[in-house]
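In what follows, chain A forms one complex with chain B and a second complex with chain C.
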Partner chain A sequence: MSDDHGLVEMQPTPGQKLAAIFKQREVRVATAWGVLVTFIFFIIGGWIYPSWMPIAMSTDMKSIERLIVIFTWISAPICGIVLGFSIYTFLHRHKGDTPPADGPAIRTNSLVVGLWVIVSSALCLVAIVYGLIEMNTASAATAEHKKNAMVVEVTGSQWAWSFNYPEQGVVSHELNLPINRPVEFRIISVDVNHSFWPVQLGVKVDANRLQTTVVDTTPNKLGTLDVKCAELCGLYHAYMETSGEVMSVADFDAWVTSHQGGHTA
Partner chain B sequence: MTTLDHHASVRPVPNPKKSLITKLNMGTGLVVGIIFAVATYYGLGGDSAGVFENYNRTLLATMFMWSIGFMVGIGAFIGPFRWLIGKDLTDEEQLYLAGDGQGIKRYFKYCTDHKVVGIQYMVGVMALLGVGGTMAMMIRTNLIQPGSKFVGPSIYNSLVGLHGITMIIAMIIVVTGPFGNFIMPIMIGAADMAFPRLNALSWWVLFTAIPVLCSAWFLGGIPTGWTAYAPLSVQAGPGMNAFIATIIIFAISTAVAGANITATVVAMRAKGMKWNRVPIFVVGATMSVALAIPAFPTFMVSMIMTGLDRSYATTFFDANLGGSGWLYAHLFWIMGHPEVYVILIPGVAVLMEIAPVFVRKPLFSYNAAIAGFAGITGLSVLVWAHHMYMSGWMPMLNGPFMVTTEMISVPTGLIFLVILGTLWRGRPWLKLPMLGVYAFLWNFLIGGITGLYLSDVPADNYLHGSMYVTAHFHYTLMGAALTGALAGLAYWFPKMTGRMLNERAGYISFWLVQIGFQVLFLGMFIAGAEGQPRRVADYSINFATSDLISSIGAYMIGLGMIVLLWAVIHSWRHGKIAPMNPWGSKTLEWTVPYPVPLVNFDTPPVVTSDPYGYGKASN
Partner chain C sequence: MSGNQSTMTAGKRVASAVFGVLLMVAAVGAVGFTLHKASADPQKKLFATKTSETIVIEGKSYPKATITMGVYADTAQAKEMGYNTTNKKDYVQYGPSTHIVLPAHTYVTMTIHGYDGGEKLNAPFFGKVIGTVGGTMNVDGVDVSEIPADQVQHTFTIHSLPSTNRDPLFINIPLQHVDEGDDGLLPTKDPGTNFKGHTITFSFITGGAGEYVWNCEYPCGDGTYAKFGAAMSAYGYMSGKVSVA
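Entry: the complex of A and B
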């Protein structure tokens, strides 16, 4: 490390320093552990979240699933570095009841610190840029769908959801939606804060009193929807849930016709 | 400052016979406190008025008067009162307050010795963790299968709120209370804290908050979660007053303690202890309390406003009359996000202090450690609205808050670098404190990465308000910060009690807790990803497997913590007598004997290097 006292020599370039670091056996073994961990996290990341999460029934939910997978991949090398080096030192631990002999007096290593900051900043930047692009895609879609979106007015109250379809003249406690038509939810609460969460659609927003919040999505898969409340809202918060369905256009029209004018469950 | 120093060499037997101070203790505090409380309660008409606002007013006043009464009864105001009338405590009285030679009694008095305060905090924290942990067991028992069969939604919601606030309070003081008070002044070579009477004040004020918090049980509980969002909190029953009063009292205690610790580190370091020679634990603890000083007042303010809404029908948070629930959320999270780092940083700093000792290497890149802490501290005040991505408050600002939040991963990365660099090329001695370093690396890695998903706005659309969030913050607060605190307990136990912590019980407890922890929160991550909201008393059948896994893990943690409690109590009384410096550490606290003398050092130490001079030079 510091054997340059009194010697007039060319300083090694950062590249040569880096190569020298990787010539050490312990670095290579720890790196091997790190690569193994990275590989495991990479593989797991690809299927574990999609296997846990419910079926994606909108483009938003699909992009969330993809984003979580990609973030897991970005994190895999971080796990590799941290766990690879941890595992190596753990396996080379000192046994016994007396303190071990002193190790090398390494105070710092500016190359390693610099590299660490650059790499972690770069990974952080990737995550930020990726997230901003996804947000931008979502708002572009919102603007595009503004005109032909079907409006659903969602009202949260302790402890039930109700849905008003002004265009169709239907009021319901079930959230039924036609497939492939953009839908704009306008959410409000009549009492405390709730949070409107149609789980399979991948959108969520709070229901506030006297403040309408808006969120939109496009259901693109037929199936059953779970609607939950994601903000503690009092005694029966856990039971403030309902269901619904993403239907074919014909089924939706039939449902509308049979419910028009009346308030039904 | 006290006048203790010039008495150190003479040590007269304190004999302030006639002084009122000698008559006062926790018992007189309780009596006066209860008298004040009862008088206030009935003076304001009790609950006979039957009006929501009147009753809330009465209860709040009763709780504050209890706290004030207790402090009067224990003698907290004698010093300031004397000072107001132009006198001060006599030297004898000051020495008496320091409690030297008073044995076990001093732990029940308004004692100014920082070591006594440290032990008081330690016992207090253990009690809070025990209560909060018991409530966690009840929560997991209720969730072991669908149907909410154990307690039902009303009690369940109260358990969630009380578990949350009890654990938050315990975790805020878990390191800076016991170790910040007992160890830190010795570590920097000081004779005591900068303001010993304020030190006693901070502990006893905190103590008065505990019965107030417990009273919530008898007033209908805290049904709002520890976030206490308005308007739910304005609507809630009388138990909410206990929450409000607890937070206000606690905020006073933290402000006093924070100012005291900061002043001590700034002004009372030993000769020669320049800023680049200060042990990293002291740096971390100081940054943490310095961050708490601006953060907690907003929580206090939000609670004062909630209290006014409830007891004077003001409308700060009532949207019908021009208020806003978002105002509350902002005030809460402006405190709430710095607060998680107030909890985290001291725990990490403990582990950074431990690692060099057990690897016998210098702390790797002291400057990177400081930069990591400073970066986190600085950024933490700019990220609060990531808790409000889904509130609908202002979606346009989600992007900027996402950027600041994800930037925190860079200084956080430095923390990993410092610890890994310290371990690297050493042969770690895996005593109990050192095991905590490894547990931290794994837990904080998982906590940090899952935080990355949550910081991202699109992913938060799905994960916000789900069990995933609960699992994430338990990984950071419990997996990282509490692990650091328990490692600190194992590390400093010999200095604080004079005995070694029972190793075998310690190992059993460590593995039970850590494995149980992984099982519990892995199950909870799955439940969250599957779509289970948090804070629910009941859930549908498709979450049953993951919730069952979580509950099994919770019982393992419970068992492990009972083993640890036994180990602490047993070792404190019968443990092996500890040598002066069992770990071969180079920090100053290991240079003083047990019991630590009243003024810590016979001759004030002079510091000539940082405490990390381990290791042999490579040539």
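Entry: the complex of A and C
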């Protein structure tokens, strides 16, 4: 582009455009807020949030916990920038009766839009690829699990769970499992749909009416299990919970022996 | 705009804000109060009767208590059997209350008179007697540990949520259904009535104080899906509370 004197007006480079944006004090302050919020979310996602989560008692739960941490880290900058600018806007909002005139309209800013799209896409891509890798790892582990898996038939009914151990000949309302042995849950509902959720094992699977769903996991830590229904299923859905335990092999064998041919008392 | 006018405007603003906050608090409070009132236990509590006797179980002595309930096919049958139900719906129902109160650390003997027929349990698991002393219940004088899934009229099943502040309590009692071939006609005011029933007795030991729920696990409501509507989806009929105090 040239003016009346034939002089060529130089278009600013993307770097110059970016520098010009950041020369504005408002942008620098808002960005600083964004960095601070990002840092806070980074800390919360990496160290505080995991301490709020249930104790991981299987590799699946550990994997889910790690996935949530990484996804939180990935989303922290986006959340940080949005909240940073929101905070700046809130702190510097207009006070008084007469609002100032509107500023010049920002028609477009290809650089900012481009960066936003590229960075967001990259973050989404990382999340997708990481999720696929985790899913593939879990699938590979499932194939390995089946070789030595102990079958537990899980039945959901309004409003209680029951567990049948065909290999051991035990039926129970508590979910007791031996440590370090793969478990194959065969989940079914005999009435409405439920969702089988042994929290500490990182398993949450719909219990569909008269349809069996199979899922595997391997408990690898001793402790108490909370088993919940995660699908609204009627009047006493909130009470459709039970407990269980991941126990040593010796303790599990003793429990089986004391309940074979019957049920837990 | 004068200074005086500005002050008045600011005052109005504050008053409006305060009024708005108070209005929201009132609205939230009204909703909370309404919900609390709606969820309040509509029935009187049924207290277990403590006796002077004690029993020793596995080296530990427990005081004894008894409590009796009935389960009726409908309102007419409940009244016929002496339970003057105030339930508005003509559903199958337990009585004389669905909120029972049991003493803590006590050997409780519960008697349930069951007058209803039955079809088949959704989950055969609930045909088993669970959580009683000895793992059995007594049906018309006979000790049993299980009822076939197609011979159950209802169940009395106490749940407890996993909690570190409450002793676990899970009890399941399947009630033998009443059919045409059963003996033992019940005494009725109306000679034309042909009610028959079963008397189920069982004992269990309560832990420490806590709130539990119980419900029937037999699909005795209505609805095309699993028969868990009507009586099974309303308070005061086939489910209730258990307070251990």
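Here, the second predicted complex is superposed on the first by the 253 of 265 C-alpha atoms of A that agree within 3 Å, B and C clash if a C-alpha of one lies under 4 Å from a C-alpha of the other, contacts with A are read in each partner's own complex, and residues count from 1 in each chain.
Here is the rule we use: a residue touches a chain if its C-beta (ideal position, glycine included) is under 8 Å from a C-beta of that chain, and two chains touch if they have at least 3 such contacts.
Keep in mind it's a predicted model, so treat the numbers as computed, not measured.
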Clash or fit, chain B versus chain C on superposed chain A: clash
Touching partner for A:V190 - first (chain B), second (chain C), both, neither: second
First, second, both or neither for A:A160, with chain B first and chain C second: second
Which superposed partner A:C124 touches (first chain B, second chain C, both, neither): first
Which superposed partner A:S243 touches (first chain B, second chain C, both, neither): second
Touching partner for A:V82 - first (chain B), second (chain C), both, neither: first
Touched partner set for A:F42, first chain B, second chain C, both or neither: neither
Touched partner set for A:W73, first chain B, second chain C, both or neither: neither
Which of chain B and chain C A:V171 touches, first, second, both or neither: second
Per-residue contact with chain A, leading partner among chain C and chain B: B
Doubly contacted chain A residues - partners chain C and chain B: 191-192, 209, 226, 234-236, 239, 241
Chain B-facing residues of chain A, complex: 1-3, 26, 49, 52-54, 60-61, 63-64, 67-68, 71-72, 74-75, 78-79, 81-83, 85-86, 89-90, 92-94, 96, 99-109, 112-113, 116-117, 120-121, 123-124, 127-128, 131-132, 134-135, 138, 187, 191-193, 195, 197, 199, 202-206, 208-211, 213-214, 226, 228-239, 241
Residue ranges of chain B in contact with chain A within the complex: 148, 153-154, 157, 160, 223-225, 227, 229, 231-232, 235, 319-320, 324-326, 358-362, 364-368, 390-392, 398-399, 402-403, 406-407, 409-410, 413-414, 416-417, 420-421, 423-430, 438, 441-442, 445, 449, 452-453, 456-459, 461-462, 464-466, 526, 529-531, 533-540, 583-584, 613-619
Contact footprint of chain C on chain A as seen in their complex: 97, 155, 157-160, 162, 164, 171, 173, 190-192, 209, 224, 226-227, 234-236, 239-243, 262-265
Residues of chain C touching chain A in the complex: 1, 122-123, 125-126, 128, 130-132, 135, 145, 157, 159, 161-162, 168, 170, 172, 213, 215, 217, 219, 225-226, 228, 232-235, 239
